[in-house]
Amino acid sequence: MSRFRVSVHIVPRKGLLDPQGKAVTDALHTLGFGDVDDTRIGRHLVLDVKADSAAAAEVSVTAMCDKLLANPVTEDYEIVSTVTA
Amino acid sequence: MSRFRVSVHIVPRKGLLDPQGKAVTDALHTLGFGDVDDTRIGRHLVLDVKADSAAAAEVSVTAMCDKLLANPVTEDYEIVSTVTA
Amino acid sequence: MSTTSSGVQPRPGDPAITPALVAEHGITPFEYDKLLGLLGREPTFTELGIVSALWSEHCSYKHSRPVLKTLPTTAPYVLQGPGENAGVISVGDGWAVAFKIESHNHPSAVEPYQGAATGVGGILRDVFTMGARPIAMLNSLRFGSLDTPRVRWLVSGVVKGIGDYGNCIGVPTVAGDVMFDPAYEGNPLVNAMCVGIMREEELITAKAEGVGNPILAVGARTGRDGIHGASFASEDLSDENEAKRPRVQVGDPFTEKLLLEASLELIRSGHIVAIQDMGAAGLTSSSAEMAERGDVGVVIDVTKVPVREEGMTPYEILLSESQERMLVVAKRGHEDAAKAILRKWDLQAEVIGEVIAEPVYRVVEGDRIVAEFPGSRLVTECPQYHPEARESAVIAGLRATDPHAVAERSEESDASWTLCELLSSPTIASKRWIYRQYDSQVRTSTVVGPGMADAAVVRLRGTNKALALKTDCNSRYVYLDPRMGGRIAVAEAARNVACTGGRPMAITNCLNFGNPKKPEVFFQFREAVHGMGDACRALGTPVTGGNVSLYNENPQGAVFPTPTIGMVGLIDDIAHITRSSFTTPGDSIVQLGSSTNELGASEYLARVHGVTIGAVPVVDLDHEKRLVDLLLSMIAGGHVRSAHDLSEGGFAVALAECCMGDREAMLGASVDLSDVTLESERALLWGEAQGRVLVSTGAPDAVLTAAAAH
Amino acid sequence: MKFGIVTFPGSNCDVDAVHAITDQLGQTAVSLWHRDHDTQGCDVLILPGGFSYGDALRAGAIARFSPIMQEVVAHAERGAPVIGICNGFQILCESHLLPGALMRNAGLKFVCDWVHLRVEGAAPMFLNSYQPGQVLRMPVAHGEGRFVADESTLDSLEGHGQVVFRYCDPAGIVTAESNPNGALRGIAGITNAAGNVLGMMPHPERAVESLLGSTDGLPLFESLLARVGA
């Protein structure tokens, strides 16, 4: 088994209110960054996982996202990279 | 001006206690994902910015990070991608 | 904006009205016929959406209203009874208290964090739209067994949701109650209560008035979230609901805090005539109800409503349940002054409609009329049902089962084993792990916070008075005997309030039941409400409002019938505030009220023997009234150092709680029960006979004399 | 003496601070609006608790940029007293008037409870009316109260007597169990090097009336009266 580092993005689902993103956008405007149209604030997770292959590591992380890491009702997730650790 | 989507990672500075990452690792173990060695949790921000070029968008987002988005005492940030939106 | 009727036109692209579409909207063929009669034509898609929301159980009370009408609602000090956003009572010196309880059971079952948070947000808005400043929150929670991971996930999400919302907005969460039982496995109950204060003259109602007055949408933008939440809360929870997830709404307590401050400032400013939360069924129900109360017409232009997403249809805008929004009727010519107040709080306000003389409820999209109903008949002529009621033979059988026939377990020969077993029951054990996550002290008026007494005590700044507040309901009693259980729920809440030195004044209630179309469920509903009414009349505590949540069931069955009582009591002098734990070594311990052989429906049977059986303890309402009076007179006389009512776990558990309640100063107790002769020692220790209170006193003779006189 | 209490959008302990100053201390308190620049001649500025901007991003991160903060900085630079309580402490750290940062509680949960604090350090402006080593009882109510800073900053804070309150048990002993949030070295409150800017997570304004369970917060404000001269 090798060790893989899997990187995941979890973001608030489109269409749902993102109060934090809204507050930050407003603050950026006040600070003079008027060119920001939208800010979405999600989480970035880096997991170190033992697995037989990169593909197996991703299967495992997908299951973790479905079960625990992401809220299926309010969030979308995406595995963005998998590298050997 | 075009519209760019800039993606930023903001992660807790190494060496600081990350209780949330530890709690998630423990919870994954309880759920049967014993092969997870470590979890680090940061923020993932997606900003939609109007700018003349991708480079200009990144300059602008860097300024936002320095000023507001990241706390230099506890966090590091990195712009991970910039695409036209 | 078009204010005259030129005929309703369906929008291009609207689906055709078919029987299947009507059914999908939860409208029965009988109801559809009624609608056709009301309109004199086929409804548009938009109108179908509106009707499905307004005629949902949640908005229309179509199964419950006739029974609710039997509750007592008046007292000289009631300023506002049921029918408004919240009930209001006078507490003297020109001060009034607004309060209400509401459920968010269905949303919390699907997404516990947001479900509970938005429940708190909604009930807060109900109180501050009356003109009152919220000063306290309570929560009443019911979950399945804590042994399953799913329930633990629900509990932690719900508690965090309640905490994050209340903590952020800065209203202390001061009391509540929690019960765990497998009956709630698939259907948790999340009831939140809010209490606010105002000067009597600041009371404002949600009545649209004054032809030509502008109607404003205030606060958050309208998005696609929670569309049809109201009809969602009117169906059984099934796996299909998993697919309905996008209906979930997201709470934003920060915006709510701004909305709270801005609304109170608006109300005091004199620029507005009415204000109402856009709660369940959003813009639709808020505007229709305001028009109905004011007996006027309204016209709303959906193109003027600030939206969060592009391309929203009138249907979506009208039915969205985006949170933190208000509907305001301003005085004509004052809209800019009103907007200025909102801008100060970084809030948006747009004129979206107008009060009109013509008695119609009209929705336009620019020049096109997309919905129009004659007058307020949509609200007043909603269907009403008188379902069949029949007691379940199974439950009657459980009630008839003799609890004394349940054999003792061998471990029970050591009563301290049984005591530990009961004290470690999650329903009885300290809820500190929950309420430590709630800011119970913000506003610096919480004299008695969670865990310190039978009810919370919040002082009324600027007076010598305080409020005593508690939610309660032992639903196991209601399940086994709904009439008796309904009575006990009120009596226990009153006892809890009186133990702190408060005179029970009035209640709000949240009726959490299963599917009313099942005769067994409707029987529970009717009997429990009648039981509540009996107790309210006997104790002089009118009902000033409440909320009904039906369809709390899944294929495995319905929840225990749970009529949660939210009681408000008044303490005339803060010097009389009394806590539940023993304070002084050497004090005498006196039990007011008598122990009996009753053992049925007890936590002991449930926890130690895993059964819910037997006759529910009999509550003598006349005795309860005298007990309340006795407590208040003894407390006012300065004879009582602590008072705690006997409830789940009976005498032995109550005694242990009195010893351990103050974590920083625990005491012991020694009691001699040899004079008490009961057939059943189990009933003596663990039975839940009603009308009992443990007091500690330095003047036992005075207490005994006073007790004999009552 | 005149106290100015700043209201940011989302502040919710501002009113409590006003009551503490006026009703219990008998001094003058005025509300200062975050968008204003006028501190109305106040002697002491208080940044109250609450959830300014809903704690978006990090507690205090956005409030730090409110217009009034320029005046707070100027006030501090003049050597005049500034107190940040709870969210106010977070704002002071974010604006670099105080070192370090306040992170999510180690237990990951919001904590509302009574804690004990040991008085130490050398900040007479705020501590004059306490005894060194005195043990206080005060409420905490926060979700992001874990004070962190790098080792050298912590050493320097301690070396210069800038650590003024530490979580302890009722006997005054600093233990892990008595620390509600995992703050490094049990730190509950610090001052700046000049000793005129105080930040603390516990709520002294909630501990000014025996009716509510403690009066241990009163001497903090009384120290200011004695010092600045009412």
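We just call them A, B, C and D in the order they show up, numbering each chain from 1.
In the analysis below, a residue touches a chain if its C-beta (ideal position, glycine included) is under 8 Å from a C-beta of that chain, and two chains touch if they have at least 3 such contacts.
Small disclaimer: the values here were computed from a predicted structure and weren't measured.
**Student:** Per the definition at the top, count C-beta pairs in contact and tell me whether B-D or C-D has more.
**Tutor:** Most contacts of the two pairs: C-D.
**Student:** If you average the Cα atoms of chain A and of chain B to get two centres, how far apart are those centres in Å?
**Tutor:** Inter-chain centre distance comes to 9 Å.
**Student:** For chain B versus chain D, what separation do you get between their C-alpha means, in angstrom?
**Tutor:** So the centre of chain B lies 30 Å away from the centre of chain D.
**Student:** As a quick test, compute the distance in whole Å between the mean CA positions of chain B and chain C.
**Tutor:** 41
**Student:** Distance-wise, how many Å sit between the C-alpha centres of chain C and chain D, to the nearest whole number?
**Tutor:** 36
**Student:** Quick check: what residues of chain D touch more than one other chain, meaning two or more?
**Tutor:** 53-54, 56-57, 62, 65
**Student:** Could you list the positions in chain A whose residues touch two or more of the other chains?
**Tutor:** Those would be 19, 23-24, 27, 31, 41.
**Student:** In chain C, which residues are in touch with two or more of the other chains?
**Tutor:** 252, 254-255, 346
**Student:** Report the complete set of touching chain pairs.
**Tutor:** Those chain pairs satisfying the definition are A-B, A-C, A-D, B-D, C-D.
**Student:** Contact residues on chain B for chain A in the complex?
**Tutor:** Within the complex, chain B contacts chain A at residues 1, 3, 9-11, 24, 27-28, 31, 33, 35-51, 60, 63-64, 67-69.
**Student:** In the complex of these two chains, what residues of chain A are touching chain C?
**Tutor:** 12-13, 15-19, 22-23, 26, 71-74
**Student:** Can you list the chain D residues touching chain A in their complex?
**Tutor:** Its residues touching chain A are 53-54, 56-57, 62, 65.
**Student:** Give the list of chain C residues in touch with chain D in this complex.
**Tutor:** Against chain D, the touching part of chain C is residues 160, 163-164, 167-170, 252-255, 257-258, 345-346, 435-447, 459, 461, 574, 664.
**Student:** For a test of understanding, state which residues of chain D touch chain C in their complex under the given definition.
**Tutor:** Checking each residue of chain D against chain C gives 9-10, 12-13, 15-16, 19-20, 49-51, 53-56, 109-114, 139, 141, 143, 170, 203, 205-206, 208-209, 211-212.
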